[in-house]
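What follows is a set of structures to go through.
The following pair of complexes shares a single chain, chain A, combined with chain B in the former and chain C in the latter.
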Partner chain A sequence: MKVIKIDKAKWNDGLEALNGSYSLFGPVKQNECYEFKKLDKDEQLDLSGLNTRMSAKGLIYPHTEAMFTYTLDEGEENHHIMQPADKDYSPRAVIGIRPCDADAFLLVQRNFDTPDYKDPYWIQAYEATTFVGLACNNPCRSCFCTSAGSGPFHEAGLDVLVVDAGDYFLAKAITEKGEALLKVTGWDNELDSDTAEKEIAALKNDAEAKISSTILTDNLKEMPITAVYDAPFWEDVAFACINCGTCTYVCPTCWCFDIQDEVHGTSGTRMRNWDSCMFPLFTLHGSGHNPRGEKVQRVRQRFMHKLKYYVDKYGDGIQCVGCGRCVRACPVNIDIRKVCDLMNNYDEATCAAQ
Partner chain B sequence: MVGYIDKIKEISERLLKDGKVDMVIGFRKGTMPMMNEPHRVKSADDVKNLVWDSNCGINLANYLTDRKEKIGIVAKGCDSRNIVTHIIENKIDRDQLYIIGVPCKGMIDSHKITNAVSGEIVDVVESNGEVTVKGDGFEETFNKADVLQKNCAVCIHRNPVIYDELVTDLVEEQADVDRYEDVREIEAMSTEEKHNFFDDLLAPCIRCYACRNACPLCYCPTCFVDESRPQWVGKGDDPVDIKTFHFLRAYHCAGRCTDCGSCERACPVGINMRLLTKKLEMDCLNLYGWEAGLTLDNRPPLDTYKPDDPEEFIK
Partner chain C sequence: MQNPYLPYPVRIDEIITETEDRNLKTFKFVFLNDGDEEKFSYQAGQFAELSIAGKGEIPIGIASSPTEKGFVMFTVNKVGLVSTFLHNMKMGDIMGIRGPLGNYYPWDALEGKNVVIIGGGFAFTTLRSSIVYMLDPANRSKFGDIHVIYGARSPGMLLYRNELAEWEARDDINVHITVDATDDPDWKYNVGFVPTITEQKAPPADENTYAIICGPPVMIKFTQPVLDKQGYKHDHIIMSLENRMKCGIGMCGHCNVGKEFVCKDGPVFTLAQLSHIPKEY
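Presenting the complex of A and B:
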């Protein structure tokens, strides 16, 4: 695919050129942290942060999303009939998303876009979006993407990969969608692709070498579910957990939601909100019974889902891209890397003998 | 404070060996700079995993709620006050506890340090009242007094109020601290300014409930925001629902809050919701001369009635 060299002085010109054709989203600094935000016309994104505090998940799958609206006023047309909520699926571009976050959408896609079930909101928002990723030259110490199936220069899920090469950027088109976006920018200094790929590969090697944190996942698939489910370490893992939703909300691959109706007077909205398997209400039955009524069951569920059930169901790795957000954000420092080690190293026979 | 750990380990080992307790609740070393993990040790062999330093800000009283075992618990001033509150509110029995009192000199505010340096922090070392922060290409030293959690900076109950054994001599309590400067600043605002201030304060909230769940006071079997039959509060990102949660939670803590700072510390998006409980804490002090968790002999003012309760504020 073609690679374009972008003089840093021309970076903003290209983004401005996108304005007519795309709504732009990108990281901006807010209260000492970087967050994704829809950019106002003259607003500039800030690529100086390591990674955003919240993942890019909410750009496609908002924390709260209206699905339908309705009226109970019998004087109104279509009363008591759900109407699709107003949506804007016009083209948008996310600039400066990190490769792990873009890769995460491919994992999440397995939930929202299946042969049997098509989630119209997620799919339309995803398809309307072009992802322009920024390769990580300096990954965080708590990033473990390379051993979680992703990487600082990982291309899967991206339409364009932008690499900061010092005085200039290199923009590599990965999909046709990405190529189309690059055309609109007006950046036109196309390089010989072999030379450019070599330059990118060298930077990639440097970046990957800086990843200091890794996990091992090689035993997870073969391990019997019941063995690891009944492993003795869960009580210890769960002890500190306060059962807040932080890990699940900052996670780019957690996809669970809860549907709610909110009525004001005679008009109402049916919405969906992020939900969290850490909350007791998540599994509370109408009967009052809760199959995951204890904290340890909920903590185990989160890790078993990411590191075992998902692995077994899809067969190509864990439901985690190694962005490290849950590790950094957990109020009590529960660390998925440690839990993954416990699970991966678990030997039922040895433990039973003890 | 770094030197306390030997004594904590010694006491814990003795308690476990003698069978006086089933577990000791303390901290183990975290995997991130300036983070330790609440941890329970069940055998004398595992006592070696315990740590103590200025990154033990999470309130361990939160881990006692409704437990049935005999428990040794490491308690700094605020933890001990919440243990008192727990005992008064029947969430734990005094006889179940062996309280290892830790006279505290304050906990480090990791957000403050993170924001004060440019670059990712790799290592933080604490010694002699100084905190040295290292990262790629930088090393910076702070006076610990300048990087304390906000509540620790104005704390006047650093010593445990209830304990079975102390790990060291009591420390001098801070005097002449202005505990309510931030509350007065808000009180001085106009109604509209207050409205805007609280809008901005709570705007980043993601409703993860880390503040509530880190709070030893928030032990309701079902929190009002989780009630579904009937449902009291909307679950979405409507600012009114978010404010309802924070304001109501604060009121539920009135007269019980010890200003331990766990809520603010736990917040993944850096909200100082402690300002809300602090105002109520101040009101309880001014109206009733009450500070939570100082004595087992009196119940909090808002769950008792006295004919001579002051009532100027409801006239």
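Presenting the complex of A and C:
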């Protein structure tokens, strides 16, 4: 695929050229952290941060979003009948997303875009978006993307990969969507693709070599669900957890949601909001019975879902891209890498013999 | 793109108070738009999300049978926010139904087989659907012997009492109604808990006999050993699970038991399947 060399001085011109055709989203610095946001006309994105505190998932799957609206006024036509909420699925471009976050959308897609049912909100937002990723030359210390099926230059899920090569950027078109976006930018210094690919490959090797943190997942698929579910380490793993839900909130691959009705006067909205398996209410029956009423059951659910149920269900790796956010954000230092080790090394037979 | 969250608009056509404590009401709905009834084509064992604008949605088993046309019917226990609001609604009110959702009892596998239905309390809704479906003149010959064991706390707590009496009088179905206790001198059926009556009345197990069992957890806990003792194999014992859920289509993440979703992979599972699944229900 074609690779374009972009003089850093021309970077902003290209982004400006996109303005008429796309709404632009990208990281900006807010207080001490980097966060994705929709860029105002003259606002510039800031690519100097390592990664955003929150993942990019909210760009496609907002933290809270309207599904339907309705009126409860019996004098009005169609009262009490759900009407589709107004949506804007015009083209958008996300600039500066990291490869792990883009890859995460592909894992989440399996949940929202299924042979049986299609989630129209997620799918339409995803299809409307072009992802221009920024390769990580200097990954964070807590990243373990390379052993979680992703990587600092990982291309899956991206439409364009941008590599910072010092004085200039290299932009590699990965999909047709990406190529179409590059056309609009006006950047036109196309390189010989073999030479350019070699340059990118060298930077990629350097970046991957800097990742010191890894996990092993090779045994997860084979072990029986009930064996690892009943493993003795869950109490220890869960001991310090305060069930704050931060880990699921910051995670690009956590997708659970709640549906709630909100009413003001006689007009109402049916909303969906992110939810978390870390909260007791998540599974509370109306009768008072709660299948995951204990903290240890909820902590186990989070790790079992990511590292076992997902693995078994889709047969294509774990539900984690190794972005390291949950490790950095957990107030009590619960670390998915350590839990993954415990699970992957778990041998029912040896444990039972002890 | 079809929106799986959009309910069909319906009107409440009839409300029947089922039990003496008035906590269970049956609602019959008719679809407002032509063609929606056909789109809502279901099988016995499936459920739907009942949608009330301003309050929310609740998953409820479909109590009517696919053989009954012109309406759909649900029996709802008054529990919390949405179900309590529904209990206070009136005939003619407008709401929504989303579905049908979930899998259903394995009607293909049950063809030519004897079916033993064991139910307790208000978890009799999709069992009613199943009985009406099997007794339909077009279907009755597809099944062998049909046994029904159904119990409630007291005579006034039984659902669908008129139909129970009708079935009791028929000779193509063996109905064993029971109550935990009663001081009604005219009570002419059984007295005793469902597991005890199952022990006395359920036919012996064989390759051609399947049990479908739905009820409160304690009933299931004590009935299962009885079926074991009678020799029912675990892939011949069929159960329907319940878990808190929101979407009903396997996306919101609430109702999982292991890698299965109660809403989409269930609610119907065999006991054999459940033995490989964490008991988070």
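By our rule, the second predicted complex is superposed on the first by the 354 of 354 C-alpha atoms of A that agree within 3 Å, B and C clash if a C-alpha of one lies under 4 Å from a C-alpha of the other, contacts with A are read in each partner's own complex, and residues count from 1 in each chain.
Throughout what follows, a contact is a pair of C-beta atoms (placed from the backbone, for glycine too) under 8 Å apart; a residue touches a chain by one contact, two chains touch by 3 or more.
These numbers were taken from a predicted model, which means no experiment stands behind them.
Model built by superposing both complexes on chain A: chain B and chain C fit together without a clash. Judged by the touch definition given at the top, the superposed model places A:T175 against neither chain B nor chain C. In the superposed model, A:N243 makes contact with chain B only, not with chain C. In the superposed model, A:D335 makes contact with chain B only, not with chain C. Looking at the superposed arrangement, the partner reaching more residues of chain A, out of chain B and chain C, is C.
By the document's definition of touching, of the two partners only chain B reaches A:F279; chain C does not. Of the two partner chains placed by superposition, only chain B is touched by A:C33; chain C is not. In the superposed model, the angle subtended at the C-alpha centre of chain A by the C-alpha centres of chain B and chain C comes to 90 degrees, rounded to the nearest 10. Once the two complexes are laid over each other on the shared chain, residue contacts for A:T64 go to chain B alone; chain C is not touched. Shared-chain residue A:N344: touches no atom of chain B or chain C.
By the touch criterion stated above, A:L50 is placed in contact with chain B alone, chain C being left untouched.
Once chain A of one complex is fitted onto chain A of the other, the partner contacts of A:S23 are absent, as it touches neither chain B nor chain C. Least inter-chain distance for chain B and chain C in the combined superposition, rounded to the nearest angstrom, is 5, based on C-alpha atoms. Touched by chain B in one complex and by chain C in the other are residues 258, 260, 284 of chain A. Put simply, chain A touches chain B in their complex at residues 30-33, 50, 53-54, 63-64, 140-142, 239-240, 242-246, 249-250, 258, 260, 262, 271, 273, 276, 279-281, 284, 327-329, 331-335, 337-338.
Across the complex, chain C is touched by residues 67-68, 70, 72, 79-82, 84, 111-112, 114, 116-120, 123-124, 224-226, 229, 255-261, 263, 268, 270, 275, 277, 282-287, 289, 291-292, 297, 301, 304-305, 308-310, 312-313 of chain A.
Taken together, the chain C residues at the contact with chain A in this complex read 1-7, 9, 32, 51, 53-57, 79-80, 83, 93-96, 217, 242-244, 246-247, 249-254, 256-259, 264, 276-281. Across the complex, chain B meets chain A through its residues 30-32, 35-40, 58, 62-63, 111, 114-115, 120, 122, 204, 206-210, 212-214, 222, 226, 228, 234-238, 265-270.
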